Amino acid sequence: MAVSNQSDLAETSRLEAFSDGVFAIAITLLVLELHAPVLSEGRRLWPALLHEWPQFAAYLASFAVLGIMWVNHHSMFRQIERTDRGLMFLNLFLLLWVTLLPFPTSMFAEHLKDESINAHVAAAVYSTNLTLAAIAFSLIWWYVLRNHLVEHQLTKAQLRKSVLRYSLGTLFYAAMIGISFLSAKVTLLIAFLLAMYYAFEQLRTRD
Amino acid sequence: MAVSNQSDLAETSRLEAFSDGVFAIAITLLVLELHAPVLSEGRRLWPALLHEWPQFAAYLASFAVLGIMWVNHHSMFRQIERTDRGLMFLNLFLLLWVTLLPFPTSMFAEHLKDESINAHVAAAVYSTNLTLAAIAFSLIWWYVLRNHLVEHQLTKAQLRKSVLRYSLGTLFYAAMIGISFLSAKVTLLIAFLLAMYYAFEQLRTRD
Amino acid sequence: MAVSNQSDLAETSRLEAFSDGVFAIAITLLVLELHAPVLSEGRRLWPALLHEWPQFAAYLASFAVLGIMWVNHHSMFRQIERTDRGLMFLNLFLLLWVTLLPFPTSMFAEHLKDESINAHVAAAVYSTNLTLAAIAFSLIWWYVLRNHLVEHQLTKAQLRKSVLRYSLGTLFYAAMIGISFLSAKVTLLIAFLLAMYYAFEQLRTRD
Amino acid sequence: MAVSNQSDLAETSRLEAFSDGVFAIAITLLVLELHAPVLSEGRRLWPALLHEWPQFAAYLASFAVLGIMWVNHHSMFRQIERTDRGLMFLNLFLLLWVTLLPFPTSMFAEHLKDESINAHVAAAVYSTNLTLAAIAFSLIWWYVLRNHLVEHQLTKAQLRKSVLRYSLGTLFYAAMIGISFLSAKVTLLIAFLLAMYYAFEQLRTRD
């Protein structure tokens, strides 16, 4: 029961392969939301491209978010030894928010420069998507700990630290929903900086 | 003949990898059918988004359907020890309905609020797609049983139960075609609830 | 040199995984070329859908073609023991025509019912795409035989038969280019029937 | 430390699988940027298709570029024995430019025949994307050498040659940015020829 056998390992690997596929597709589909500027006669391409900076900024932020999520998923599942149906469905709950992200990304880019409330709403929808993904990560981690699906070598301190880490991530993203109503542009910047922070924090503490 | 050898196992794993790829892509492509509301000057984003609830409801239902289908495919192929060309083509027949699903999903969302017969037709097309996928699952299971491609440890009772299970699923989805002509919205709700039912039923009986 | 070692096998498996990915994506992207009919006020959905039968027929034909190509690729690479850069590039040449197929499929569907020369041109472009894919398969097989990358257990008769088989396939598809100028609809039917023929021929002779 | 263990190998293989997925999707998404000509009544398809040659030329060039990049990535990671977070993020930096490529490809095709500065700008944006990908490859190689993540069998001469090779590639692509302002069409041709050169150079020197 405690020792993972061959078929359990196989199942974990198919779950990871499916998740990798979804992450890889979602991160690549982001490009479909980028549109070359439609130029009227005699207009120049370069200033038109610069004018469309919000779509590139949103692309970059979502690429960074999905990239770090994939690395995070990867790290998490390296510590998970066995899987069951419950984990499979919680993982689908996470993938729901991963696959959805291109939609709020595109909507965010479209309204980022709006002077109206629409910029704030688009930012809040984007932030809510990220928050729900962070909640999904927390639920998965809580579930695997509760059901003893992880490696036994983790110490109490490591466990506490890992739970704290996921809870804090969820809080950060939830705070972004509030910030959305202050400034859409700052919200996008924070999304990008949070991804960068997690990247460097992982580089420093885990290897 | 009874014992699966290395090359048979390899073939099963490539079949599963290909199927995983198709499931992962189909479930991720659903997002491309979501469109941010096109706002005229001075219109507000939030009510426009709420007004587009059918596309989010259809997205959620199809995500749940494809997710549970993937879990189901996964469970089924864990019990299949060997594969042959016949199984490969039946699997393609299933994948045909998996890859097609984004099309009726988008059409269903577009017509869900129509007062005319069109809402019922769109619901019926969607239900027919799900029914054909359920038939494909039944055919695969019937084929692997008949050709002794499954594990030998299954008892008679387990076999009977598994056949009954797939047949009932097909009946449920076929009934949805009829319900489509009563109410499109109820049809979509049932599609979602059936997926949830299968999720929890699997959680309970299989682990 | 003759015996495949671990790193050669690993390379073959990554080549197959990449090809599987491309096949899975191309077969799933076909659905993006399907468009729900745009209805004017009071028009009914069902007859409008039936009127759009060419796009469903073209979808089905291309799904069958890509499906059988994947099975064929699968069978071929099970017989290939080792790979080298030449094989990798010939495989990319094949994948070029695999990834391109959604484009002529969509164009074929759009012009299938045209009374003008355009229907024949669209059919010929589609047939040319299939012919180039068949040529790519023949080149790969010729290359692996010439460079001794296949299993040693194949007899002379089996080799001759396999070469004949790929050459005939290429001839059949090339003949479709000519038939395109007689009837676009017959061309599409032949594409579908050829895929079915290969499916059943493989079922019969290989297992 | 020097000997790669099971979990390191597993991690490398998941990194490669994720990258393969991204490459496979990016190369297949290129087709979505191809559009059948929209014909007014009585217009003929064939000349309209020929008139759209830039989109096919750009498709072919980007397919060749991504194809050779994938082969290159493949060769590089066969020499990498272990991975760490740093490598994972540098790899994401490379994949950023891989997934972005369909966007400048489509913009390049659209403006290739423009008489204005726009053709040059589109060519320069395309070349910049390729240059950034080449820089990413160089960074990865520099990083794995510095951190001793590669096989030990490489001689000093081989190492020097490999560093030179990546640096030269970066220089070639950077030079394309300059050439963009002389001729957009020549730039596209060079992108294709560089991919072909790398293909044949690898065929000759590596097997």
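Should a chain be cited, it is by its letter among A, B, C and D, assigned in written order, with residues numbered from 1 in that chain.
Quick note on the criterion: a residue touches a chain if its C-beta (ideal position, glycine included) is under 8 Å from a C-beta of that chain, and two chains touch if they have at least 3 such contacts.
Because the structure is a prediction, the values reported are computed rather than measured.
**Student:** Any chance you could name the chains that touch chain A and chain B both?
**Tutor:** none
**Student:** Same or different interface residues for chain B and chain C, judged by whether over half of the residue numbers are used by both?
**Tutor:** Mostly different residues form this interface, as fewer than half of the numbers used are common to both chains.
**Student:** So which chain is the furthest away from chain D, centre to centre on CA atoms?
**Tutor:** Of all chains, B has its centre farthest from that of chain D.
**Student:** Where the CA atoms of chain C average out and where those of chain D average out, how many Å apart are those spots?
**Tutor:** Going by mean C-alpha positions, chain C sits 26 Å from chain D.
**Student:** Express in whole angstrom the distance between the two chain centres, defined as the mean CA positions of chain B and chain D.
**Tutor:** Inter-chain centre distance comes to 36 Å.
**Student:** Could you say which residues in chain C touch two or more other chains, in rising order?
**Tutor:** Residue numbers touching two or more other chains: 17, 21, 25, 29, 32.
**Student:** What pairs of chains are touching here?
**Tutor:** A-B, A-D, B-C, C-D
**Student:** Across the complex, what residues on chain A touch chain B?
**Tutor:** Within the complex, chain A contacts chain B at residues 7, 10-11, 14, 17-18, 21-22, 25-26, 29, 32, 84-86, 88-89, 92, 95-96, 99-103, 106-107, 110-111, 116-118, 121-122, 125.
**Student:** Which of the residues in chain D come into contact with chain C in the complex?
**Tutor:** 16-17, 20-21, 23-25, 27-32, 34, 36, 39, 42, 44-46, 49, 59-60, 63, 67, 70-71, 74, 78, 199, 202-203, 206-207
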